[in-house]
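Each of the two complexes below includes subunit A, the first together with subunit B, the second together with subunit C.
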Partner chain A sequence: MIALILRRGALSLVTLFLLASFIFFATEVLPGDALDVSLSADEIANMPAEVMARRKAELGLDRPILERYWGFLGGLLRFDLGRTIITRAPVGEIIAMPLRNSVALAGVTLLLALPVALAIAMAAAQAKGRAVDNAVSGAAIIGYSIPEFVTGLLLIAVFAVWWPLFPATITASTNDPLGVLLAAAPLAIATTIIGSVAYLGRILRVGLIEVMAADFVERLHLSGIPRWRIIWLHALPAAMIPGLSAAALYAASLVSGVVVVEMVFAYPGIGAELVRAVTRREVHVVQAIALAAAICVVLFNLLADLGIAALDPRTRR
Partner chain B sequence: MSDLARRHLLGAGAAFLGALDASLAQAQQPSPRRGGALVYAQMSGNRRGGDASNSRHPYYMVDLITRSAYNTLAWVDEELKLQLELATRIAPADDTLKVWEVTIREGVRFHDGRMMTAGDVAASFELHRRRNFASAQIQRTEVVNPTTIRFHLDAGNSEFPFVLAEYDCVVMPANPDFERIGMEGIGTGPFRITSNDPQRRMTFERFEDYWRQGFPYLDRLEVVNREGQTEAALAGYRARQFDAMLNIDPRLIRQMEREPQTDLVAAASGDQAVIILPKHPGSAFNDARIRRALSAAIDREGLVRIVYGGTRWGWVGNDSHLAAADPMFVAPERPRDLALARRLLAEAGHPNGITLPTLYYAPQWPEMARYFQFIQESVREAGITLPIEERPNDGYQRFRMGELDVSRGNWHKFAYTAVGPRNPGISLFRMRPANNESGYWSGPAADRYMALYARAMLTAEAAARRAIYAEMQAILREEAPAILPAGRNNVLIKRNTVHNLRNHPQHWSIRWDDVYRSA
Partner chain C sequence: MRAALRRPAALLGGLLVVVHLVVAIAAPWIAPFAPTSLLDAPLEPPGATYWLGTDDLGRDAFSRLLWGGRVAMLVAFAAGAVAVLGGALLGLAAAYRRGGFDDVVMRLVEMKLAVPTILFVAIFVTGFGQSVPVLIVAVGIIQMMGVVRTSRAAGIVLMEQGYVRAAQLNGESGLIIILRELLPNVADLLAVEFALRASSALLLVSALSFLGLGISPPTPDWGLMVEDGMALLESEPALVLAPALCISTLVLGMNLAAEGLADALGLDAARGGGG
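Entry: the complex of A and B
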């Protein structure tokens, strides 16, 4: 298992290196550098070449591409993500708290969504083809199909405006303790959970149904083992294997992909920060957020791989 | 200055001070209820807040309503009349109007418990005169005694007391490093800052040692920035998270008029848009005919009708910084003249129309996208193609002004900025040649304009200044150094359980001292 951890860890590092390189080249080398995108068309058209050259030098854009690339990688190793173009503020400081908030939102969502999705999936799998299964499957499809902003607005209308139980918009500060922030965000959490439960529930249901129809489950039945033991001790771990990979990818997307939810509820997370950075043409902030999202994907995949290895010894080879 | 003029000035000053005393006495009437919290959402983007890393500083507060935590020497009331605040007397020291003497209120404490002195005022203005455009005329300050300070100006200014009411010009504790002044967020205002999240939120608590005894009524005050998030703010209001929303989108007015338990409070006036016409080498706007053609082509009345829903909520501008509600404002005779626009374009060598450079704007006010889309369509009828592009509020000021350094390639842009109504002296001074808002206008007309301005500033009688101001506005209509097509009347909504929350043409001058809430 240790060898597997080392192997997967090394592979993750290589993946991260490649992703960081891709992000650098995609944002720095393709047409339109950090200066170009922060200038207006008129400015670019009118600016004399020597002035443009001087401003590029101020941002270090006049250095050879490889030199900038090594500088970028060196900065990453020192946790130095550069500075913003407009305010010259450290990018790390700008994204730190929003990233913390998004990770917290994703974490709470997963903690709450996984058991619910599991319970629903088990209920549906056990009643395959019957009314309960049809109802659960139908609800999951609806829940997964409705865009999150629609779910969010519906929840606001019902639970904040008509029946004022929860806040409609989050007024907590970016740096508030997580307890304060999450307590102000029940509808935002509920919105992400609805989508998550629908998605994970469907995947787990399919996995459970497949496992329950497998030969080894039938043999366990014939051996007289109680049904609850078969489900909890044998079928569920086997069904979790495909579910884990899906859950890991989903968790990563929750960190970086809840832009809509963050905008609807004014949640101070990394998605909202990304939107702000794009509108401000802050290339370095966009790079840093893309990198953070990539790290989340790699990290959650690594955790899923290790989880799968723990559940299925065959994968350790 | 003649004896007569001097007598007029002193007489006016005495009457002015009497009115101030009466007004303050009235303002200090006890209110029926003390306590509670008030949360309001701010809908307009503070163009400087976007660059802020410290929103405790009065220059960078989340919504510029600095009077929640700070005070100035004077205050402009809802009718744009001057009231004294931390000063008890403001008077010229001599006939030149170049030296003004201010007596400060005694017994005023800062939030850190220190007593305010004339030294604090002097230190604060050391910062302001370097940073605030209206205070730049202050050459130096002189502390006469612990309660008296003199302001020495670079030229006479009959309307100087209004400078002391500018929202930036708050009084803060002195600091040997004047760049550090204001960083701690310590003022003399009715509320003390308890937390701040730049661009997002600020919270305040009542300052028990506030100099206006018995005020403020509220225990806590909170402002939440919801610029560009009208729907979120509206949901928050309907969910009773917000007790008030400031500077709402005019399109919401009809809807909110039907909202239960809600009051719409309109100010007599409000901000207007300045379209800055840059006159750097090669710019089409070096030609006054093109500037005037653009000005004449805009359907200003249509703009007010479509964007603001009529003259109750908007007003037609006259290409000066004066608001229509100002008694000195001269309404344009023909706000739109398409024939003139086409003729001027033809004379300028564009008989088949002209394509202008891109006009940039930021959604500083919720309606700005519609505002410029309407202008784009209306000028098309005169053969003017006007590309427009929205930029984010964050960093917008730096973007459009180019850091004022042409040598670095930072040209100021053909762009919009918002300006609020002020006294005529400050408003008309904004079109000075050395200012970005005039597009660095120059030439004989600009010289004539500034000569008139200098004369007005040395004219103590308001009635005599009126004729000069009218002449200055005529020059602006003729020359169009910048275009100011139309403005808004600021609108706030509030619950009917919130009392004494008065709206203000200067949205930054709303006071929170007197606001209270019933059950």
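Entry: the complex of A and C
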């Protein structure tokens, strides 16, 4: 098992290195560099050539791309993500608290959505083809057809405007303790949970139905074991495996969902930071956020892989 | 197709898609006003002249609603086409060649899965600017990875077939075999994939526009309309709820149609999607 952990961990590091390279080249390969975008056309026209050159040199934009690439990778190893173009603030400091807030939102969502999705998927699998299953499938298709920002909007319309139980947007600020922040964000959490339940429920239902059709389940049936026992004790662990292998996909979709939901509710996380960075072309901030998200997804996937290995001895080779 | 229409959910889905398509195509002729002209005082309430009222800049919200799906649908269908064509060729080539090429392709697919879709587009927009072609390419690449996986899996099964072996013994080149023997045999699968990818692309594009990273103003667009109208939810709910309803019914229609199509062709739609 330890050898396996080491091997999978090394593989994840390789993936992260490739992702970091992709993120760097996709954002910096074009010659139109960040300085041109952060200044207006007027400012560029009026700026003396030597001032422009000095600004570029300060930002390191005058160096060839490969040199900047090595600098970028070296910086990552020292946990130095660079500075912003306009305010020259360290990127790490800018994204640290928003990142904490987003991870908290995603974590709470996962903790609450997983049991709900599991219960729904089991009810549907137990009643395959009957009314319950059809209702669940119907609800799921509606659930993943409605964009998250529309779900959020509907929750605001119902629970904040027409029936003012909760605030529409979040009043807590970036550096508040997590408890205060999350307590101020019930509708945001509800929105991400709805998205996650639709997503997870669908994967788990398919997995459970597949397992329930397997030979070993048939054999358990014939030996007279009650259906609920088969589902809980035998089918569920087996169905966890396809569920876990979809974990990376789910983690990625959760991050995207969190970004959108944060913008709907003005939740102080990386979503707002990302949108601001892209529109101002703060390249280093976009890189740092993309990298942080990729690390989360790869880490989540690594844990899921190890979970599969623990559940299924066949993969431990 | 007829079998797909026998299912009421699929029929409803197809109908929703057709209605949205017809409205989008006919918008220039049926919209009462030009979608970008400033007509009247901002935030006129709904009435006989302006069916949904005017927006915060005094433009006719109903006309903007009729126009609002055009660019998003264009991006979604173009990205779906990019995804299906590129994904099928890559996936089938991986199935045909196997070995190192297959490893590289699958590694790329896995890597892309580790980057959340919205961040993937954000990276592209940062690097290449915010425009419709950039959007089509970025969303197309995102959707392509799923198509690579499904068509590779189908291609591996097809490689066992006698006629592929026969073509190889005939000395046909790899490209000819992929195009003439493998591609026609995954046509059904690709039709379903196209419907799924286009619907997922539309969902993504509208979310991006909502965030301000997708279609840019002043283009009339549902995602942008929702974003603009959010603050007015209390006073002018129609400005937000109408475009939200349009996006949701179109994506729902596409998903229902895709599932119906998959059902009719004997494929499993639930495997696709996501990302």
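What to note about this one:
Note that the second predicted complex is superposed on the first by the 290 of 317 C-alpha atoms of A that agree within 3 Å, B and C clash if a C-alpha of one lies under 4 Å from a C-alpha of the other, contacts with A are read in each partner's own complex, and residues count from 1 in each chain.
Here, a residue touches a chain if its C-beta (ideal position, glycine included) is under 8 Å from a C-beta of that chain, and two chains touch if they have at least 3 such contacts.
These numbers come from a predicted model, not from an experiment.
Number of subunit A residues touched is higher for C, counting subunit B against subunit C. In the superposition on chain A, A:L18 makes contact with subunit C only, while subunit B stays out of contact range. When the shared chain is aligned, no partner comes close enough to touch A:L303: not subunit B, not subunit C. Contacts of A:L73 after superposition: neither subunit B nor subunit C is touched. Of the two partner chains placed by superposition, only subunit B is touched by A:R55; subunit C is not. Residue contacts after overlaying the shared chain place A:P268 against subunit B, while subunit C stays out of touching range. Within the superposed three-chain model, A:V283 lies in touch with subunit C and out of touch with subunit B [touch as defined at top]. Of the two partner chains placed around the shared chain by superposition, subunit C is the only one that A:A293 touches, whereas subunit B remains out of contact. Looking at the shared chain after the overlay, A:T171 reaches subunit B, while subunit C stays out of its contact range. By the touch criterion defined above, A:A89 lies against subunit B but remains apart from subunit C after alignment on the C-alpha atoms of chain A. On subunit A, the surface patch touched by subunit B in one complex and by subunit C in the other comprises residues 156, 161, 168, 263-264, 279. Partner subunit A is touched in their complex by these residues of subunit C: 9, 107, 110-111, 113-119, 122-129, 199, 203, 206-207, 210-213, 223, 226, 230, 233-234, 237, 240-241, 244, 247-248, 251-252, 254-256, 259, 270-271, 273-275. Interface residues of subunit B, counted against subunit A in their complex, comprise 39, 51, 53, 195-197, 200-201, 222, 224, 226, 229, 232-233, 235-236, 238-241, 282, 357-358, 360, 389, 392, 394-395, 398-399, 402, 408-409, 411, 413-414. On the side of subunit A, the complex with subunit B involves touching residues 40-43, 46-48, 51-52, 54-55, 86-87, 89, 156, 160-161, 164, 166-169, 171-175, 263-266, 268, 276, 279-280. Only residues 15, 18-19, 22-23, 26-30, 32, 138, 141-142, 144-150, 153-154, 156-157, 161, 168, 199, 202, 206, 246, 248-249, 252-253, 255-256, 259-260, 263-264, 271, 274-275, 277-279, 281, 283, 286, 289-290, 293-294, 297-298, 301 of subunit A touch subunit C when the two sit together in their complex.
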